[in-house]
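Quick one: structure below, then a few questions.
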Amino acid sequence: MWEALRKHTVAIPVPRLEGRRSSFLSQAMAVAAKDLRAELRTKEVASGTFVFALLVLVIFNFAFDLRAGDNRTLAGPGILWVSITLGAMMGLSHVFGKEREQGSIEGLLLCPVDRSAIYVGKFAAALVLTAAVELAILPLFALFTDLSVLLPPLLLTVVLGTIGFVAVGTLFSAMAVHARTRELMLPLLVLPVAIPIIVAAIEGTRVGFEGKPWADMLPWLTILTAFDAVFLVLCPWLFQYVMEEMGS
Amino acid sequence: MTGSLESTQPAPATTAAPTDVSGNGAWDVEVRGLRKSFGSVPVLRGLNLRIAAGQRAVIVGPNGSGKTTLLKILATLLRPSAGAARVAGFDIRSQTSEVRRNIGLLCHQTYLYGELTCQENLLFYARMYGVVDPPQRSRAMLRLVGLEGQTDTLARSLSRGMQQRLALARAIIHEPLVLLLDEPDTGLDQRWADVLRDLVAERAAQGGTTLLTTHNLERSLDLADRVAVLNGGRIVFSARRDDLDVGSFKEAYSRHTGAAA
Amino acid sequence: MKGLLPTTLEPLGRGHRLLGAAALALILAALVAVFVQAPTEKHLGDVQRIFYFHVACAWTAFLSFFLVFVSSLAYLRTRRAAWDMLAVSAAEIGVVFTSIALLTGSIWAKHAWGTWWEWEPRLTTTLLLWLIYVAYLMLRSAIPEASRRATFSAVFGIVGFVDVPIVFMSIRWWRSIHPAVVSGRGMDLDVAMYPAFFLSLVAFSLVFVSLLTLRTALERSRQQLEEMKRRAIFDLGGEVSHG
């Protein structure tokens, strides 16, 4: 096997001065693809997140009787979003948790890649994973409460809310992996900051359940859109500073 | 410097005038007055170093002398506290992207992803480095390090030796001008050492520069065109390999570090 | 303000003592204004007087978190440790003032609305402000390496501050959907109340600045001590964690 090398029949890579750039997008996609591929192979993060969210849902059923009429629209939205939020939080801690465990963060730092591209890739992968979990949780919620979840207001809040939540969560996940109280730190950082999303998502969902007109959605859509717009710009920029502190 | 330059015709490995592929003048690695302190603990104390293009340089030194720190600074993984360095003609502080494009680093950590296969690992890094035709290059690298039989094996199932080989493939997948190796021979067998020597020699023949750190004095003479001793954060001794034999090198080492070789 | 920050380990000099004295004097003046000079509010009586301190504290808290924001940006820009020291000092003092604001707000609520707590926009936002900056302090205490700690808290400080307006708006709108049983009426300020009001504001601001300079000096000393300890361990041949 080493004979090939000794006889030089396999071309040793020719050292060359490299001037070509790799595109931002292809690097971001490479990062996202890597994360998703690794997750698809083990499925451990997605399944753990799903089961946790499900547990929260079930526990809430003992707190409130979700079948009794008024309770469903009063407590329902809150319960749905608490379970999604807590579940997503568990999953988000692995966005950088796994890299840190394997010591591969420096491998990323070594590459000639714009640090924001790493953020975009990680964000995209986390978004897909969280969306997958939500797709699994929503039907179960519908089952437990006998409420339809195929409502445009609800789906819209899920999309916008998840984007904002994952945006902030990806950034904070990178920081939290270095904290001594690792598992505690991420929720501690994300939850206070994500309050607007949680409030707007719950109320927007309620508008859907109560069949109110679209005009009632306006304040909540505004909040969600504003949050997403601000943090989709701010987080990648701040991430560059965080990434530089990530080595060993 | 932009655009790829064709390499010169492969010349027999020689310690005469090194091939200058980079076209940056003679030096691929230039370090001046490099200092690094962690907090107020100094590790590098004004290090000066120059490595010509196409040269094989080996640095030996006792534990804690700063070998890994030096390599990590050159690889832009650490910021120096003071001083300047240029790698492949680019400044490590202000032109980090260009530096990263032109170096490969192999150190104790493999930077491999356990749940991905060998091929997938190399594909990932190939894409990150902007390699043309990543699948073809990944396959070629796997053949080069003798892992084509493990193409679809998960990286975490590989033995330590195989992981090192995969990591080496990862380090050179983008054909870096400068290759940095941090104690690549630690705890590995003679066969691996021979392969390394051949690889480094072949690279040098094609104009690539290699900087290697090691504990092992004998092996360093095997691999190098130039050797240097790093102690207390500074280069305390440096010589051409041709001017030394094992005995005189060991003597110089003890003299400058106060330690047995 | 930067000129007031000491650059050595010397005990605080004249400037600081003057500042402290001035702050003390103004606090005393404010106390007089609030308890003696200001007229008694016709609906709530004497308890209303806590309002002056409540607003002054809330204002000071907001000022300190704005300072955290500015220092965080400056730190990321310049990487000078002085900005990090300023940030943590402002955050700590801010948390203290926010706590006082919450307490006084609660007392106010009890007497104005009959309940110790009300989920109305300003109180709730104040509570969230408290949570965000407590998280800031907890983040700091969980990261041992100095440069990483400074960078990460700067990032969080920026995110937190940018978030506050969005938080406020979301709670405002949430409140209008779920109106309180008792509504939070605004305060109409009589002209006669102006002296007490503004005097409290200025007095608390001065106390804030005074505390800030003390705390920043303390932070500088603390970080220098950390460095000395690490150096001592290293010189003795011990293990040093490189951060």
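Side notes on the structure shown:
Labels A, B and C are assigned to the chains in the order they are written; within every chain, residues are numbered from 1.
Quick note on the criterion: contacts are C-beta pairs under 8 Å (C-beta built on N, C-alpha and C of every residue); 3 or more make two chains touch, one makes a residue touch a chain.
Here the structure is a predicted model, which means the values were calculated and not measured.
Here the largest set of C-beta contact pairs joins the chains A-B. Farthest chain from chain C, judged by C-alpha centroids: B.
Chain-level centrality, scored on Cα centres against the all-protein Cα centre, points to A.
Per-chain CA centroids place chain A at a distance of 37 Å from chain B.
Averaged Cα coordinates give chain A a centre that lies 32 Å from the centre of chain C. Averaged C-alpha coordinates give centres for chain B and chain C that are 51 Å from one another. Taken residue by residue, chain A touches two or more other chains at 248, whereas all remaining positions touch fewer.
The residues of chain C that reach two or more other chains are 242, listed in rising order. Partner chain C is touched in their complex by these residues of chain A: 168, 171-172, 175, 178-181, 185, 188-189, 192-193, 195-196, 199-200, 203, 219-220, 223, 226-227, 230-231, 234-235, 238, 241-242, 244-245, 248. Across the interface of their complex, chain B is touched by residues 146, 226-228, 230-231, 234, 240, 242-243 of chain C.
In the complex of the two chains, the chain B residues touching chain A come out as 1-7, 21-23, 72, 75-78, 88-89, 97-98, 100-102, 105, 109-116, 120, 124-125, 127-130, 140-141, 143-144, 146, 154, 170, 172-179, 191, 194-195, 198-199, 202-203, 206-209. Residues 76, 128, 131-132, 135, 138-139, 142-145, 147-148, 151-152, 154-156, 158-160, 162-163, 166-167, 169-171, 173-174, 177, 242 of chain C touch chain A in their complex. Within the complex formed with chain B, the residues of chain A that make contact are 1-2, 4-6, 8, 10-23, 26-27, 30-31, 33-34, 37-38, 41-42, 102-104, 106-113, 247-248.
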